[in-house]
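Take a look at this one; I'll ask things after.
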């Protein structure tokens, strides 16, 4: 068993990692940290842990429930870092120095350009020297590099949904640089911290747009889409012109990104058809265990609790625009599930280990 | 008191009319129909009616609760028609013939072009001769004509939110013909009929896009926006190029339309700023009792149960696009409240009569 | 117009008072306090206020939105105190001294016995001398005394639902002293403060019992039920034996109290029938504007946003027990609506003023 | 692999069985029926199936998605019957005749007394001869008999929660015959059929009691509790006096049963303490894989998607009554999970096979 630590386990991403790792055949959580809850046992902070798992793993569930939350992690072979940005980078640096491989769920190592980090996170990057070795943790793009790296920067939840939605179109030069993404997220995406806008009475029966001045996943999305397009030989010379508006939705889990793009006519001036677009998408993700091109508009609920991302691509006949719908569970494929997929990849395990559960529906 | 009938009172829009009319100083409901519930009293079908109103109106509440639901309406001065399309047109024809003025909440008289009706509703228009006299019931646009007409075509819920959002920009020639509207609605917008997709267990914790092949509010939105632009001297020569994607959201009431448009540079090649756009919007709706330009992204919940539409307009600095957010309660300003506003206008009452209640928050 | 102040207006009960008072014909809010938001205008803290009211009251809505939140209230004829317990008593004392009449929404003046207060609230009562003059603000019981008092202690939300449910049975000696009340509340009952258990992601799709060691509304319920029974000549010699278990329910508003009691046989050893019980309940509340005995199990949603309490009483044939179901909106009849009903009563207005709105359904 | 059929797979319990069986090491679904959807593939009816499982089971997921729904089941070793009562009994008879072992999720074989069945289900029992061999499928009670039977009657969802909650107290003679159970269920418990009361707009933000005249799980609960008490040597001579009131709660999954009972004093006239009660409960369920006695009031959400039942027992100090709280997921331990637990038991597999997943939280 590979020993694993989770830093800031009291976050929702930390808790979700516990759920996913409880039945993992090769990883074993042996150290957890969480400053505010230090000294308590995991089962005190998350009473539901006592019922986390039956089956062969019941002893494992008991083991987890009785783990003591520490201020600092013990030495392990792998660490999942669920700390807020900046704090994460500091912790990652220390972990790498002692030889621990790291999946960092914060934003600290996602942007390759530290000045972009400074612009968006209002903070000098704490460990710019590590940016070189960090790999953006989208297995669908960087599987090979993830296998050998010591540091994976796990993508943002919106970024995952949107990048997966637009990669095929941009890599094929199917669309122009003009992109609009209207994304909707459940409330767990805002984290476990206490804020008025996540108070039940405020968030229930409510819908609103936020971060109109610029959401922090914007540069990450643009970086990855431009890189992929370039790698595929597509030139978006002045860069992508992306408008990205996130919305808060009254549900616990789930992201739906509705993506609008201008189709480019082919050599003979014709626009691609819906079925051509769908075929292109199916080809692009053929063989991927967690990305599925479906044949009708997907529902977020079809991914509830699972690591799957569902895509639907079609052409709006009336306007000739490309529409791509992308659904996932923000805490699984959008965070902890993808982190585990990355870890599986880093340690040479089947990417699907521990991620077999289907969506809970209804 | 003006006598009022409600046809198909057992719909959500019928029920909402009852709520709004219970305290109205000038209208009195004296006849209600509803084929499936004919013979029952209103209070049997809607037990909550017995508690509809205290105050000076308690007798009125009792009166409503004890009204018998009939198959056909009795003679009244005003009728609200909440029937499905096609059935509505038949009923409207009969009502007008006997001299009743009508607010029709169906789609039957919204499109001025009967062949467009046939295309979108798959049905030959049952009463094309009446189209001439029907006025599209958006007081903010057609107040003068509504005052004197015998037939108001009450706008669709999405259409109301979207037209109000884009009228100022299109009338001022602020944007190009390229429009994208990503709209989200609560489940009551789907009506009171039984369908699997409005089953609680299916709709709860779920989000999805629908009607990607074309939602029926599309032609109504385009008709009204093009008419208004033309009236304001703006030429959108090849017509508007609108992509409109509606989404079903896990909440009972509320619509949020997120509208994206390409700003046009002015004579000197400059794009308008956010504050210029906001000033333009404020001017456009100055004096309107139910349309408010707010200074931060509005929440649907700020309109829960009220007849207000809240607008927020801003420029996305990164892309130079115009963003307009529009919120309303689909059953009030999006349906029955607007119907009452129209009726007030038709009968020369203050448009705000019976619509004084603010949003219920939280 | 009677001038009104609201202390701690930034609470949900304060906000609900603003909604209800916006259309009131005789009360006008002229002063609001809220320590954390002092210096801001009401419309900044509650942006939805700008859309609070159309109709004749639009100027009033604007007036409210622009009121400045102060640290201390200005002199008014009436004050609604929405402060937490203990802080409330201090404020009430000062208000009464300057001649302001007060409706206190806290628990400070509900218990007539200050040592009981100390036991349940872990705090020496800050103003025991005022207990004598305080009237428990249940108009259905104390209407006459409320008319002339300067200090009303507004009942707790659970207490209102439960006392109204059991008054008729206990006053008639219909049941024994053995009472079990299983009560369920929406999340707004927990207030606007930030707590992990009201975080949307925790409270959504969740149901749990709480305060099993004793909820603070217990002594208030027992006090009022025993007093009423005694006044009606019923002797419950060893006092009531009440088990009261509250539950947190995933909805914003609403309380449903399910009350179980042991029916007492009459002189000839027969138990009362359901129809006898229902007749007794109807008689008891005949003429009450806000308490309604309905003929089927009521839904909390039938009271959403209204000041009504709906009761249903029946006999469980299998066990011979009495069941009483009681529904209300915890923020209206359970708090601010009842506070306004009390204020109307204190100032000689119709109790129903400002409370005409029916439930919003669906 | 044991071949498995699911009858009426288009129900929620059928769908949940598919989810649970997708990763099962020993069972393989080879035949599914569903009259209304006959001729379609499973993946057409449940598009989320295409994303049901990654991991080693992806082929299995594909296999499931492509299964054709038939009118009649093919021959299998095991069948799960998800048909409505009466139809279920007919199908079970045919299955048993051809040698298929059956877990019946309907109510048809739960009541040992066919006249009780007639009284509660208004229907002559279609196969009374089979009642003898049917075993009530509560492994915690009948594990030994389930191992060898050909017919398991899977308990009702409420019945499971309530029987598990009260078995220890009644078996120990801790309480009198006077029982009150206030139970709350999520909406999926009402099934996938279309009804107005499960329409999202009706059920959302609503809470109500129902079946006050008697819920059909009542006789099943009484039968099992009386049998268990008798077996443990406790005499409740006039039988149990149970009041059971179910409530519909605005959430998709979850049952919480709040149980109230009168403690019996021991020989020396003393009532048991909370810690004595808790110890008794812990002992009773020691070693059970799916019943857990927790040390604080459990939340339904701690069981979301898992097969666990969480119990909390305490003494209400003020009244001396016993309180037991019982939580489970109505579709898992309350239906399909328990059905699988029974099937595991029937075929000699570890009861926990396929039921390893923990609760999804938040």
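Residue numbering begins at 1 within each chain, and the chains themselves are lettered A, B, C and D in the order written.
Definition applied: a contact is a pair of C-beta atoms (placed from the backbone, for glycine too) under 8 Å apart; a residue touches a chain by one contact, two chains touch by 3 or more.
These numbers come from a predicted model, not from an experiment.
Note on connectivity: the fewest steps through touching chains from chain B to chain D is 1.
Interface comparison, A-C versus A-D: the higher count of C-beta contacts falls to A-D.
One inter-chain figure worth recording: chain A and chain D are separated by 36 Å, centre to centre, where each centre is the mean of the chain's CA atoms. Our note on geometry: chain C versus chain D, Cα centroid distance of 39 Å, whole angstroms. Chain A and chain C, compared by their mean Cα positions, are separated by 46 Å.
Within chain A, residues 12, 186, 188, 201-202, 204-205, 250-253, 298-299, 301, 304, 362 each touch two or more of the remaining chains. On chain A, the positions that touch chain C within their shared complex are 12, 186-188, 192, 194-196, 198-205, 250-252. Put simply, chain C touches chain D in their complex at residues 180, 182, 184, 186, 201-202, 204-210, 212-214, 218, 241-243, 245, 247, 249-254, 256, 258, 260, 297-301, 304, 314, 316-319, 321, 323, 325, 362.
The part of chain C that touches chain B in the complex is made up of residues 12, 15, 19, 22-23, 46-58, 61, 188, 192, 204-205, 252-253, 289-290, 292, 294, 296, 298-299, 301-308, 310, 350, 352-362.
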